[in-house]
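Attaching a single structure in structure tokens format; questions to follow.
A, B and C label the chains in the order they appear, each numbered from 1.
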Amino acid sequence: MKLVLLWTDCLFFLLLAGIALMVPLSGRNIQLREQWGRVFGSRVGVASAMVLCAFLVTAALDSVHFRPALENAGSNTGGQIHYSPRVLSLLDCIFGELNRPAEKTYSVPFASHAFCKENVLTQSGDVVREFPRLSYGGRHLEDPENEKLRDIMSRTGKAVVHAFMLWALIAVSCVQMLAWRQNRSFSGSVVRIWRPAPAVFPWRTVFAVLLVIFLVSGWLYEMSRVYHVLGTDKVGMDVLFQALKSIRTGVLIGLLTTLVMLPIAILFGVSAGYFGGWIDDVIQYVYTTLNSIPGVLLIAAAILILQVYMNNHPELFDTEASRSDMRLLFLCIILGVTSWTGLCRMLRAETLKLRSLEYVDAARAFAVRSHVILARHILPNVLHIVLISVALDFSGLVLAEAVLSYVGVGVDPSMNSWGNMINSARLELAREPVVWWPLASAFFFMFCLVLAANLFADAVRDAFDPRTRMVK
Amino acid sequence: MMSGPVLRVEDLDVSISGERILRGVNLEIEAGELFALVGESGSGKSITALSIMRLLPEEATIDRGKILLSGLDLLRLPEYRMRDVRGSRVSMIFQEPMSSLNPVMTVGDQIAEVILRHQKAGNRQVREMVAELLDSVGIAGPSERLSWYPHQLSGGQKQRVMIAMALACRPKLLVADEPTTALDVTIQAQVLSLLKDIQRNRRLAVLLITHDLGVVANIADRLAVMRRGRILETAPARTFFRFPRHEYSRELITTVPGPGTYRQEIRSKQPVLELHDLKVHFPVRKGIFQRTVSTVRAVDGIELEVFRGETVALVGESGSGKSTVGRAVLRLLDPTGGIIKFEGRNINDVPARAMRTLRKDLQIIFQDPYSSMNPRMTVADIIKEGMNSLDIESGQKERDARVVELMEQVGLPPELRRRYPHVRG
Amino acid sequence: MWAYICRRILYAVPILIGVNLLTFMLFFLVNSPDDMARAQLGGKYVKDEAIEAWKANHGYDKPLFFNSGADGLDKLTQTIFFQKSLRLFLFDFGISDDGRSISRDIKDRMWPSLAIALPTFVVGLMVNITVAILIVMFRGAVFELIAVIGLVMLMSISGLFYIIVGQYVISVLCHLAPISGFGTGPADSWRFLILPVIIGVISGIGSGARWYRTIFLEEIHKDYVRTARAKGLSEIRVFFRHVLKNAMLPILTGVVVVIPLLFLGILIMESFFGIPGLGSYTIEAIESQDFAIVRAMVFLGSVLYIAGLILTDISYTRFDPRVRLS
């Protein structure tokens, strides 16, 4: 087995590490702690954050890539191990066989038979047109018609029991910890959690959401061992697996774009506002110019150009994965370049306002140097704008991916993404009978991520924006 | 005619989001009386006023009490009947004339709106009434000003317009919530005497809310002192200033600054600061190419000497250039012309780098405590910032010790140094 | 006032030059015309003569910035930059890679695009503002909570969902409007516009109405609103006479931000509903990698955006006396 580090993986883990580092740092600052406390103190905030975390974990699992060793090749070339050209991730391992087409073509969710009739050779040698059995979905069943329902029920029961036990273990240990920390009896803690005072951390919501996440993921996993929970698509790929793989693409586009955009926006916005003069003029000119080009077209143009470049230099990309990865990274960069202008303009306006405040004058009267004033007086006071806009942009970027893929300038067509799923499934509603599951799954997963992101962004805005706080 | 008080507030309790703001407030105002409600900010004065108008913020609730306007219980009126009362029988003037007028409506329209709401009148008639009102509050050329927008008026004029608006339907009671706080001292006096005249001429009952006892001293008939949601004492103005009954009232009266309290006679021969013909001009740009067409002469030829151990006060209306002088002296602004001498040394052309060392000896205190402290730094960090930057005291430990010392010197408990400026309240 | 407008228009010129330079660099410096020709003709194994012929045919056989082989002014004019990029300023878009006049195509396809974009924009604006007003008027009630949650859900749904499902439900299941296509004249085209416009409006409600709601909420907590209430005006009168008029300013600013999105909107709408407008034109160009058309559309898009900016500034003077009278 050989680890493969794709560019986007590196950046993604770097970003996660950065976030993990920020937590103790901001914990030391009383104000930040209070504001984040407000975000996670609201039920909506904490629930959406947990759902986002579930998505992040899936994306992280899908970002550990490796190339498995080829077994038979290793033995006859004298210790020289050959690696499969296919790049796998941990998520692929969890779902085992599902990472390649399991069936021939469409099948309905939980089906044991194919969706289309085929010519099948019976044992007597006749050719009959019928719905053939699937090679993966429900293959353990002797008589699917009668056994399936009971099988699904019993497996559901098993999954629920397992999920519940795991949840109970975590919940009990959490409550015990709380009880110790707050010097209360275990039952006293339970009562407090069950009937919380208004200003207490919403543990009840946390446990409820945790239970739901465990139940759903446990059930999906258990069922996907023997069924296609969300059916299969045109080439027989499991739809659930595709939708799960797409999480990484969506999350990465949202996060990496932010990573690209933030430094540009902060640097330009703050310095335009603070220094004024010709610096301000130049920066304003640059962002008005960039802003006036329709974003889609700029992205389209850039992607087209990348395509031409890649076609002319195929030697730079050794595997298909690294090729599509490059395109994803490039898409993030381009999206970042087109989307920093909005934040930059807001930061510039806010910095202009701050610059005229008296504490900046006071600092200047104390001969504090410009870069110190920027770091100490300006940046911390515009941070809320950065946070709010990052949170709000994330969902927009996830949605944009789908649209760009539809236009043909999104991620690589070979990459799993909701946009690609929708794009390839969009004519299926016109089929008779209707094939609805690939489309519905892609939309549903995307909806969950975007809704969670939007709700979280709202919670962040409510906690950090001085204006909304005033209104409330 | 109606006998008894125009306004009577009985045992009023108000809370905001569960927190009790007013506790058992009782007030009585007679017709033709100017009644002042005095207290520090946050004492519940404005909430009392808004309760009378029934314009409390959404999260506030009136828990108990009665508000009687000439015997009519306002708290029991349905909202649509209350609207008939607002603007016609009670009206209100707010603290911020700048933001209390609608910026996109003409002054005339805004006043006419009240009249049209409560009376039947034709267009021309209304115009005449509005012009008359503007005239009566001392706005010159009233018929031309009808079509002006608020941003074309000065602060004092805006507050006059607000008063005209409040008087439009001849109310019985006028509630004035800190009507002069946002205005310059000279204009304050004018607006106050206008209020007093109107009150006397129209036999109006006025509830004047203020934090400034100095404002009240000359014009109030009776006054009440309020603190933490309670009324501590109610008394006729004359007796109040001579025989305040409550401890807190006495405290308030002694803090009213009078002229001639501070004076020191330490003069040295050599002035610490000399300004000769100091000029600060700001360009006004106009036209397609933003050419400089004229300049605002914010400071134009100032001569000033400040001697060691001396406090020199620079007094003037806002916009007269006081602050600009201060900032120019510290070179936070570059002067257009003239000479600034500090300890005999000309500091006009001192380069920025050398200015750093000078800043040890030249410092400034700003007007607004809210905007002059970074809300994201602790008090200790704010105090230390200057020391760090100018290399005063050698190490962090010495600086920390100095912070404690300085805080004690200005009368702040040193425990506050780890707090943030705006939490302190 | 006129000086102000003139200045705004003059400001646009350097920005357009910037756009022009940027697109030129994007299209010609990253990939040489040789690369483009190769991509057009397919693959690596194209003969050099074929490439030269293609370049000559499309006018890419000149140097990029400076033609040392020509005389006088031609040194500058006989270049790709002058011929392909600067000409855009005269709205001379040249010919597409398959040899058609881009200007004529744009002229033909402009009307269907406008026929979708304008109604979507206007109806959408009205619907969004109405919804936002309703929510603000009923604030504090359960209705507000439900509506706000509803709006977040609406804006979390992908735009493609509205199109695909809308098309399926309205046209396939209910037969209320034709699925796709476009008529030959205005008389029989309007039927084809119903579906895209409805879907365009619905898909914008979530984010639009939420945006207007925050504007109204911010405005409603200002001091002048309290003054208006103190006059005894009813809540409805306060809202329509005072709040709405003041909220026009931030709304105007927001509307310009929407213009680029409108562009994206027609891009998707037109190709889904088979409407022969500029959007589907662009998509076809992207799919066939026709750089000449994409370049023209980039320029046109920027011009429209800048025109929108200028229009906003001018309408600001209409709504804000502080700007008008200064």
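The definition used in the following text is that a residue touches a chain if its C-beta (ideal position, glycine included) is under 8 Å from a C-beta of that chain, and two chains touch if they have at least 3 such contacts.
Note that the structure is a prediction, hence the values are computed from the model and not measured.
Q: Taking each chain's centre as the mean of its Cα atoms, which chain lies farthest from subunit A?
A: Centroid comparison gives B as the farthest chain from subunit A.
Q: Which chain pair shares more contacting C-beta pairs: A-B, or A-C?
A: Between A-B and A-C, the larger count of C-beta pairs in contact belongs to A-C.
Q: Provide the C-alpha centroid distance between subunit B and subunit C, rounded to the nearest whole angstrom.
A: 48
Q: In whole angstrom, how far does the Cα centroid of subunit A sit from the Cα centroid of subunit B?
A: About 51 Å separates the centre of subunit A from that of subunit B.
Q: Whole-Å distance, subunit A centre to subunit C centre, using C-alpha means?
A: About 28 Å separates the centre of subunit A from that of subunit C.
Q: For subunit A, write out the residues touching at least two other chains, lowest number first.
A: In subunit A, no residue touches at least two other chains, as defined above.
Q: Spell out the part of subunit C that touches subunit A in their complex, as residue ranges.
A: 14-15, 18-19, 22-23, 26-27, 30-31, 35-36, 38-39, 43-44, 152-153, 155-161, 164, 168, 172, 217-218, 221, 257, 260, 263-264, 267-268, 282-283, 286-287, 289, 291, 294-295, 297-298, 301-302, 305-306, 309
Q: Which part of subunit B faces subunit A closely enough to touch in the complex?
A: Going by the criterion above, the answer is residues 327, 330, 332, 355-356, 359, 362-364, 366-368, 371-377, 382, 385-386, 389-390, 420.
Q: Report the residues of subunit C in contact with subunit B in the complex, numbered from low to high.
A: Residues 3, 6-7, 10, 139-140, 222-224, 226-234, 241-242, 245-246, 248, 319-322, 325 of subunit C touch subunit B in their complex.
Q: Going by the contact rule at the top, pick out the subunit A residues touching subunit B in the complex.
A: Residue list for subunit A touching subunit B: 30-31, 357-359, 361-369, 372, 376-377, 380-381.
Q: Could you list, by residue number, the parts of subunit B that touch subunit C in their complex?
A: 53, 55, 58, 80, 83-88, 91-92, 94, 96, 99-105, 113-114, 117-118, 149, 151-152, 162, 165, 286-290
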